[in-house]
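In order of appearance the chains are A, B, C and D, and numbering begins at 1 in each one.
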Amino acid sequence: MFTIVRDLIRYNIEFAVGLFILLLLIAAVVLSFFSPYPAADIYVVPPDLPPDAEFWLGTTSRGQDTFWQLMIGLRNTLGFGVGVAFLSRILSLVVGLTAGYAGGRTDRVLMAINDSVMVIPQFPILVLFYFVLKDDMNWLMLVLILSALGWAYDARLIRSIAMSLRTRPFTTQSVYSGMSMRKILVEEHLPYVMPVVFATTMNNMIWSIGMEITLSVLGFTDVDTPTMGQMIYWANSHSALISGIWWWVAAPVGAIVILFIGLFLLSMSMNEYIDPRSRLNRMGV
Amino acid sequence: MTAYLIFISRRFGQLLLVVFLGISATFFITHMTPVDPVAESITAITNFGKADPEAILLMRKTLTELYGLQGNLFEQYLQFWSRLARGDLGPSLSAFPTPVSQIILRALPWTVGLMISATLISFLLGNTLGALAGYYRNSRLLKLAGLALIGLQPIPYYILAFILLILFGYVWPVLPITGGYEMNADTSFSLTLVLDILRHSILPAMALVMVGAGSWLTGMRALTSNIVTEDYVTFAELGGVGSTRILRSYVVRNALVPQLTGLAMSLGAIFNGTVITEIVFGYPGIGSLLISAVHAGDYSLVLGLASLSIVGVAIAVFLIDILSPLLDPRMKAE
Amino acid sequence: MPTAVLQTPPAPAAAEPVLVVDRLRAYYRTHAFGLDRDIRAVDDISLTVAPGEVYGIAGESSSGKTTLIKTIVGAIRPPLAVVGGSVRFRFGGEIRDIYALTPAELQTIRWRHLSCILQGSMNVLNPVRQIRHSFQDFAFPHMGLKPAAFWQAVRAHLARLDLDPAVLDSYPHQLSGGMRQRTTIALATVCTPEFIVADEPTTALDVIVQRDVLTMLRDIQRRLGSSFLFVTHDMSVHATVSDRVGIVYAGRLVEEAETPTLFRGALHPYTQHLVASLPRIGDTTRRASLPGRPPSLADPPSGCRFHPRCPLAMDVCREKVPALVEAAPRHRVACFAVSGAPS
Amino acid sequence: MRLWRQLLAGAALAVLAATAQAQDISNLPRKETVIIENPEGTIKNPGWFNIWVNGGGGVSTGLQQLAMDTLWYIDPDQGINGAWYNSLAAEKPIYNADFTEMTVKLRKGMFWSDGVEFTADDLVYTVQTQIDHPGMVWSSLLAVSVDSVKATDPYTVVFKLKKPNSRFHALFTVRWNAIWVMPKHVFEKVDDPLKYDFANPVSISAYTLKNYDPQGKWYIWEKRPDWQRTPLGLIGEPGPKYAAYVDGGPPDKKTIAQLKHELDIIHDNTPEGMFTLVDQSKSLATWFKGFPYAHPDPTLPAVIFNTQKAPFDNADVRWALALLIDIKAVDLASYRGAATLSAIGVPPTGVAMPTYQAPMHEWLKSFELDTGKEKIKPYDPMIPTEIADTLRKQPKFKDQIPTDPAAIASQFGYGWWKPDPKAAADLLEKAGFKKVGGEWKLPDGQPFRIRLTVEGDTRSVFTRAGTLIAQQWKQAGIDAKAQPTTNPWQPMQAGDFDAAIAWSVETWGGDADMSFFLDSWHSSFVAKPGDVQPARNWQRWSSPELDKIIEGIRGISFDDPKGVDYGLEYLKLVVKEMPTIPMMSYNVFTSMDTTYWTGYPTFPDDPYTDPVPNWGNSRLMMIKLKPAQP
């Protein structure tokens, strides 16, 4: 494992950069626990200061240190995205592979559920949930709701791949060689869908974090948990874009972009490594 | 062939089931909202003007009857379905007594027009670049293009839209920043109107494409990079088949099935509208209609819009299911 | 076209060779993912193939056969790299150095002059398109015929191979393994190329089907008079198909002779083993199986790569690499036990 | 692939075609058009002009400002011919002795835009039709008070009232809006006025509808050729030939639009948006020339307690919470200092300044509060001055902050409560609270939990104020948290809240009469816990003293000077009881662009009306606006 990582770093620039970014983010998360100010408190520093030696990313119009806000916001947003992605990936893998492999009635039942979830229009539902839950509409709740909404689409994608995999000879072989369904799915099919899962993870995180931001911008989230969305919400409600407090907007946006480019590079290099048909694994001359 | 017909009819049954489940779920969640349409309506009436408490209590009574909100949830649920069965979405509560359908149909064409073109453009752009990037793995240019799109994709849509608005509306004011056509425009069909509408749709569409193309690109790239290692691609290369032909008929053609599923989905999903686009660019559409309906506790309008998008997505899924066996012959109709 | 085929006479063995492989070296160079090494898959191999000749290549799996072919047909993708040597074909009288050609030139040669039949016929045909498209893509550009004439030729060709033209309209997954392989062969031969490379064309087919395919190959080869480079680990197949056989062990050519010679009087211990392991009627003695396993190509044994498993191994075998020398006319072997230790 | 190349090419062409075009936002002659933001945004049911039915059509789309009219107007500021002026009425209302009958004399020679004359029949029809159709907007208001209405001659209408009501005329007196008169000759032709959309509305005011966006984003009104035959026309000739009311979009966008001179009047903005305009626009007009620029509406943002819910039923607790607020910080956080403070229950604007704020100022200085341990003087008259000084330190505002005490008072308010944690603690202990480990516990040992409901993005300044107040309470050891909701009126009506930032006090602005809001504070209107509370007594607070005051006001006529004395009584009472914590006037950041029009209302030069353009009263601007370019 260690050698793999070492050589990945040494020989795969994408991985190196991606890993570096990831480490930065982890550092930020760790750092966030040492913030000198309580996350939600305002007017703890003079407002509207541009970036300088003391306040690296300046201060917001709410008298908060943009840097520390960013660190804490990154922590929450990252946790948020990962949480949603993780939970929903599991759901979609289980449903997608099973349905695609088993076919027949199982497939129909699973897809009926899948499609029902898929067709429910997410945005109004989220807004409605906000109204219903009000004070309870906290960070964790949102993670759960979004995971519950965000798996169906990818489950279908995975299913369609699993369906074509099933017609491959190696599947038939493994069936005749008496492998259990679980074993076939996990050992034979999983590696094939992994690259797609990685791609969907990215998109899922973009989707969930984007959702969080959209809801925040419209004021449908818990203002006491600083996230990227909350930063943008406050910046926006203080007209930061036009009143020249650019750093207040630039910080979260920059952070998000870097975060996703990092994720993308990682998933790219990971595909190379995991994809069973990438030249490397076929090198058994 | 008959097997295929059976398959279709079975899937159609599933379609109906899904629509039923989806709409029912939405119905009950919608009615969980604490927002009370009557109270909303009263607020709208009395918030600024003279308000006599006695009168307001009277108003509550009459409006509740008028809006047909008496009766428990289940009764309302049955009533809802019996109306829907007759294709009637009922009157909007926040725009009483105007029929929901009339309100939706007014805004719908705009959403559909903008979203379909934006979706198609980003699909083609993203997949083309994705396929090329997956096939010509070490092309610097493609890597850059890819990174650019992937870098744009996570930018919060609101911010991206606003930056575009500032750039093309203020810094370099070449494009209109608001509305679907200019104010006081003559809405009878004419070339000027078409150009005007086109012109107003550029910024919103641009923003949608910028954030939309990236995910297609990543998906397609992943699929392609798998397919290029397939034997039939190697064989075709040995067979001296031209690389564009290989890319189109072998690589893309095989990657297309999952991607088309995605396309159908996003086309089905366009009925969700694009709230932020509509807010930022003041573009007409059903997105902001939905938000205001939710705020106003206008169940019937929310349900009308929700049902629309539910049916839209469900049909998209249905179509892709019955078509995919034709796209990928290996999939037996199941 | 068909007439042309019929007129092509079997080429005399003495004629100019159609393929000359000279001191070919091809390594997998990998610097990533925890592996950082050269895999010497093809190590200093020289051979020639005469027109109309079927040259068989035998050897255990992962002995470098497939790589050798890839290198010869110029299907070289990183991490595979040609380190040294040359591959020259002789098409229509002119010599073509496969590594000196531009991609464009290479494309014009493929299928017209040089075509191949790959192992694992399951996935060699585009699964989502009917087989006619494959013919269209592969053959049409190389035959320079009007569409009508082209399809007529294709049908005629299929008919000659007892293939129902209906296969054109079916998808690969609708055909049986045998059918698919025969179709692939039809596809590989439709342009009547001078040189055809076949890599394990009959593996993964059941015995009966195997026979049809082999007869089909043989007979088409006769008719076209093309040269074959025929790769399989199955000696019995070589016995029936190949004119000459080269034995590859761990990336090197260890013995080469005409088929009868090889089966009657194999000189290299490894070849002897391969031949001996063939079943013969009436023979009841247990087959002595070879100890050990094929060496890793990443760090092959010093000296003669076979020595760890060789019953006749001498000290010299551990230090020096035996050269491939002509032990008898048209019979080359690389073994100190045969050629004697160098002084 | 070929396809998307074509698409791209198409897009490119489109861009060219687009850029080739001129960049007008409309094809109207810009110099003759005033473009005004309608805060209602996009209208859900644009074709609905029946303002007497809440049908999802817009109200402040220009409809109520430029096409509707009624008997009287009271201007939130000075007005052109006085704050209170007769519109369709020829004179002020005439009541009988016991206020059970009101007679109205109407103007002669007023015409609907379709040439029909306005007469008593229209007024009678307006009242009768709404009483007969309970679904209509003012139906219940009229039903509960009107016994009968009849026209004694074409220009005289007599209302017989069900019970004495000295303020009945208020229903027909515009403060933001009022009961607009209906065109009898149009409505009598339709079978159900509830279902009638009133397309192509006939107008009784100086403008008529020219065109509107079927998507509900803009409405264009055109000056009537016979504008003289309307009440507005009598005041003077309207300047703009066209008036367009448009959906302004998000604050940043409005600001950009005004910098591009595509939006003449912005209804409201973020403070920062306003500062940006002040900073960058060379053609800006604002209510106050300098800081705080905004117009103080006669509306009083306050911390409204749910006084039916323990412990907020206890005046000491409410006072304690008031003394834990550092209003300076709140002011700077919410309005960035651009607010007019008020310690008392009346908006610091219009006539209230001389009539109530100034006299109360003196009284407050000597006001004493008993914390249970000591008597303190909580009032701090210096706070506005201190805020002014703080702001003066910021370079970009430096020369815009007045130094003259009178100016400071009118722009920043007279004073507010001095933060006094000690006194607050005393009061809480007096109420039986205990502080355990820095956390305040209720008498029953439960933690003291407050959820402060604030309005989400729509009124961001309130959200800001709420967040900071919650934080200040939190720092004092209370489990306080701001809770944004998109519509605070919801929970307040349902009584489902602890405290909220909203308003329960709205005044005429231009008139000292308190009954406009105070009447609804009568104990008889306070709903039982759990029931829906009708506007506006959201705090659900009542007291015998207050009832006495209210009944007193009911007993005197609207122009009786005793009204002011009652008003002062009320103010002193709510200071003692603190049912809500008044904070500041509702400052509306209305900004006006002088590129195409001049003559906007400004203070102190010409405060003739409230520039906030969704007010029915803002129609006076049309008279004063003059083209800035030949």
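Methods note: a residue touches a chain if its C-beta (ideal position, glycine included) is under 8 Å from a C-beta of that chain, and two chains touch if they have at least 3 such contacts.
These numbers come from a predicted model, not from an experiment.
Counted as hops between touching chains, the shortest connection from chain B to chain D is 1. The chain pair A-B and the chain pair A-D differ in C-beta contact count, and the higher one is A-B. Ranked by how far their CA centres sit from the centre of chain A, the chains are topped by C. Averaging Cα coordinates per chain places chain A and chain B 22 Å apart. Chain C and chain D, compared by their mean Cα positions, are separated by 90 Å. In terms of their C-alpha centroids, the spacing between chain A and chain D amounts to 44 Å. In this assembly, the C-alpha centroid of chain A lies 49 Å from the C-alpha centroid of chain C.
Among all residues of chain C, those that touch two or more other chains are 122, 173. Counting partner chains per residue, chain A has residues 134, 167, 217-218, 236, 241-242, 279 touching two or more of them. Multi-chain contact residues of chain B (touching two or more other chains) are listed as 34-35, 162, 166, 230, 328, 330.
Chain C meets chain B in the complex at residues 73, 75, 106-112, 115-116, 118, 120, 122-129, 133, 137-138, 141-142, 171, 173-174, 187.
Interface residues of chain D, counted against chain B in their complex, comprise 1, 3-4, 7-8, 11, 14-15, 17-19, 21, 23-28, 41-42, 44-46, 48, 53-57, 134-135, 137, 139-141, 143-145, 170-171, 175-178, 194-195, 197, 210-211, 213-215, 217-218, 220, 244, 246-247, 249-250, 252-253, 256-257, 259-260, 486-487, 489-490, 493-494, 496, 506, 516, 519-520, 522, 525, 532, 534-537.
Interface residues of chain D, counted against chain A in their complex, comprise 250-252, 255-256, 269-270, 272-273, 275-276, 329, 332-333, 336, 451, 456-458, 460, 463-464, 467-468, 471, 481-486.
Across the complex, chain A meets chain B through its residues 103-104, 107-108, 111-112, 115-116, 118-125, 127-129, 131-132, 134, 153, 156-157, 160-161, 163-164, 167, 192, 195-196, 198-200, 202-203, 206, 209-210, 213-214, 217-218, 228-229, 232, 236, 241-242, 249, 252-253, 256-257, 259-261, 264, 267-268, 271, 275, 277-279, 282.
Contact residues of chain B toward chain D in the complex are 34-36, 39-60, 62-63, 66, 92, 94-98, 103, 106-107, 110, 120-121, 124-125, 128, 162, 165-166, 169-170, 173-180, 182-185, 187, 195-196, 198-199, 202, 205, 248, 278-280, 282, 284, 288-289, 292-293, 295.
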